[in-house]
């Protein structure tokens, strides 16, 4: 192992890490929001819409991110959609993540006992309020873990952005690998950075879980 | 693994060679079959060695780890011969021309010679020796070109087709082949530029593989003499790249 | 752009052949993921602090390290300790063991939303813990977690593309290779996407059917 | 609604049920029920287990979409947009919500919200529906909890309450909203005799304030004391609906009712 | 256990509770309870809501880990490995399971498994614990359901059953296992008077077959009819434990018990 390599490529790696975090945060938060809206529309919206959502979910979820990104970035210009690498990266990230999130939220909705929603309707609570106060806090119990999972998975999907020349972490480590003809060091660096993100994500997930399962802890 | 690699291979009667079948015209997968300059050359070499050749397709980032882990014996992917790389690996004699050349979009009249990329956006594969050459060349121009790095040449070509960049620089054989394959889309800009560079094949850097390298080199020289090398190159490139028969001098 | 259906038609057989690898690896990986994931989840929730700790460690390792690196480890590092797995086995094992960590977490989340009274009822009847899991907890956890489980399995299908780093010519790899020869990435990638979609759609539909079957009341 | 207003209309029905029927798949849970509930009346529903009491109650606020017949509250058709239309179309969520605001309900299984403390369970609708300030809502919720003697368990989550305490939270949650009509589904099933007495007196107070109540109960003593009229359901049909004196006071006419009450009488001669 | 065997030991206690105490955080739910339950005796637990009846019952099969004192079943310490050890360590899951096999329980909230039909709810433990064949288990389960008049609802899921029907499934599930000791937590709360009578007679049969029963109930009539002794709990303490005649027959000595029973008496003089 050559520590000297890390000194030489440190700044580039850190820069890549920054870009990775930027795309990951923007993409996954956007994905959560879009996914949540999709799940709500699917549940409360008109019937025809839920078909559209179904098709969207199945197609986007069913095809690889790399290909979606490729089509968006390299195929987009043919229909006049010219995006910068980072723009394309974040956009496709939001699009790619949203159906997964929508499905996770759907499972959350299903986990709430019907009786509790009936009770809320009986006191005349508006549906949005029911969603916010009765459904959401409780559905977080079964879905915090899958949400954490998917955030973690997305950290690593950022690597695919290198295909469209987003200068993210993998992009930088590949440069390092190719220029120095080493492979252990770059992968080590890569793993370390991802591991850091995963650690923090997992920790936040655990905290959220603790908070939302408070009422289940019996004295 | 104390024993000599060459004698191991001979004992097995088989040499396992890895490459990325994604580097036309050296390595490509056509109709499900591995073909290309590397394939034709190495088939001949295996014949000379008296062993069967078995080919593996691996992405570039796992070829070197695989070589060191002993998952296969040899790398038949074209690797540009550089000083830094020679420190870690044993190279064979040159098997291809790695000098940089430029491809442009067919019909693009604004570029007629390499110098015309001045001020334009040019793509290339990152981490390659050609990238270094392109950078140096671009610096020498009045207004340097903006250089964009891709993980693969395919993506650079796709982006040129999509109109984001005006040129793609890579080794001459590669660019020439692309232009031949999609004549309406890509066009080669002559001449190549930068320092002359060559591709070689690679084995592990240790003593074990020295004898294998020597045997392959001997076989390559033989092919230089009997015209097989020329025939194979002409088949794929339409011309003979005029490869040196000694190890090129790299700084 | 001139979209070439000929290219697609000509290369379709090779893509389909490659898809067989994708299916083999992902389906075997799924089996490992589901079985081992359930066991892992049970371990994670066990009363024994050592078992629990081990499960936590396992999950944080397999979720933390990129699968690409895990695969390289399985294939290239294990030989150094004398375990030389063939490429396909290494790929199946790595994807399965990694996915199990996610599956375990999905199930754990779902289990938490099963009212504790149901477990108490089983305790009171003296139902053995294996039956408790098999008959009472897992079916309900699967119902609640099904959409997330299908998510995970679909991801597993896609992530099987990493098997290319150990030399397996699965769908993504072959489409890249074909692209390198034909210089027609859009055509080839769209075809590959359609094949992926077909595989995943089967999964998704099965998921919804099971979900419906387990639906209560 | 004040007592005065009420007197003028005291005799007309606030709830009218006409030819109500309800199927669960093939199973006929309610058949051709016709029934009036008068303003500020307390109507008790009794009958064997599975006879359709809860289902009837749930039809009254459209938690079950009834298949045939009509339910009107204060002259307004409950749940459906228009019964002449076939198949019937339910009202929009918002319209239903408006209707339900006037109808409170205490469920047989309580359906408390497990992630909220007892106090929050009661206060929730006060802030979100009645638009009270947080502080006011908590005060009102505390008052309701005090009525059912739960002031010292206000901060407990439902899981940490005894069965009877949970039931009382459910009662407090419903009465805090002061609806026009209250539907109680076995509101005393988990309560001890003393508390049954307390709940009875709470309900008497509500009745005096003009609230209309429909109460499903298995406690005949309770029915006898609180009801203005008692309806007997059997296998989804309304067998009889009479004042309690008639139901319990003398030997009932109907053989089914007679046998139903018999074991009860025997057992309760303590 | 047959009646004959039993007579020889009829008088010794099968369950002994000594100085039992239980805290929920700071809240003292049970304090220093000492109580014996004799073989094939029916002991009823009564008392105000929140007095600790369910908690006591749950301590008997160690669903609550009691903090102080001991519970023995047939001479065997329940739940803890060894009480001299401090802090106490619970038995392993497997050992607990063995102990619990002899103790059946009907929960206040039923706790049916929602993804299984009524029949499967009852049959489950018969296959997995008693190791009956699937067919035998279904037959036995059907027999148990028939005892509580649910044969025609055997295929319904719990969500599609009325409250009383759910409660009866819970009863059937427990009695099908034929445990030595049965713990009932308000087994008739959701039942109509007729069914209460039926359950009462089922319980009488079980008692005659030698089963020991501890029954939490709010129905004094029920307690009076079925119990050998009645224990009164208040604020986590055992106030008295006497035969029903003494509890209900004359004015009770204890003021608390007196006031508890008063409202009940008043209401039930119908």
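Each chain gets a letter, A, B, C, D and E, in the order it is written, and its residues are counted from 1.
Assume a contact is a pair of C-beta atoms (placed from the backbone, for glycine too) under 8 Å apart; a residue touches a chain by one contact, two chains touch by 3 or more.
As the structure is a computational prediction, the values presented were derived from the model and not from experiment.
Engineer: By label order, what chains touch subunit C and subunit D together?
Structural biologist: Shared contacts of subunit C and subunit D: A, E.
Engineer: Where centres are the averaged C-alpha coordinates, which chain has the largest centre distance to subunit A?
Structural biologist: E
Engineer: Subunit B to subunit E: how many Å between their CA centres?
Structural biologist: Averaging C-alpha atoms per chain gives centres 82 Å apart.
Engineer: Between subunit B and subunit C, what's the gap in Å when you average each chain's C-alpha atoms?
Structural biologist: 37
Engineer: Round to the nearest whole Å and give the separation of the Cα centres of subunit A and subunit B.
Structural biologist: 38
Engineer: If you average the CA atoms of subunit A and of subunit E, how far apart do the two points sit, in angstrom?
Structural biologist: About 50 Å, centre to centre.
Engineer: Indicate the residues of subunit B shared as contacts by at least two other chains.
Structural biologist: Touching at least two other chains: 61, 65, 152, 155, 158, 161.
Engineer: By residue number and range, which residues of subunit A touch two or more other chains?
Structural biologist: Residues 70, 74-75, 78, 114, 138, 216, 218-219 of subunit A each touch two or more of the other chains.
Engineer: For subunit D, write out the residues touching at least two other chains, lowest number first.
Structural biologist: 109, 159-160
Engineer: Considering the complex alone, what residue numbers of subunit D touch subunit A?
Structural biologist: 61, 63, 93-94, 96-98, 100-101, 103-105, 107, 109, 111-116, 124-125, 128-129, 157-160, 173-174, 177
Engineer: Could you pull out which subunit A residues touch subunit D in their complex?
Structural biologist: So the residues of subunit A in touch with subunit D come to 44, 113, 115-116, 118-127, 129, 133-134, 137-138, 212, 214-216, 218-219.
Engineer: For subunit D, which residues count as touching subunit E in their complex?
Structural biologist: 24, 46-50, 53-55, 108-109, 153, 160-165, 168, 185-186, 189-197, 200, 218, 220-222, 224-225, 248, 259-261, 263-268, 270
Engineer: Which subunit B residues qualify as touching subunit A in the complex?
Structural biologist: Residues of subunit B touching subunit A: 61, 64-65, 84-85, 88-89, 126-128, 148-152, 155, 158-159, 161-164.
Engineer: Going by the contact rule at the top, pick out the subunit A residues touching subunit C in the complex.
Structural biologist: It comes out as residues 58-59, 61-68, 70-71, 74-75, 78, 100, 103-104, 106-107, 110-111, 114, 138, 141-146, 148-150, 152-153, 156, 159, 187, 190-191, 194-195, 198-199, 202, 209, 213, 216, 218.
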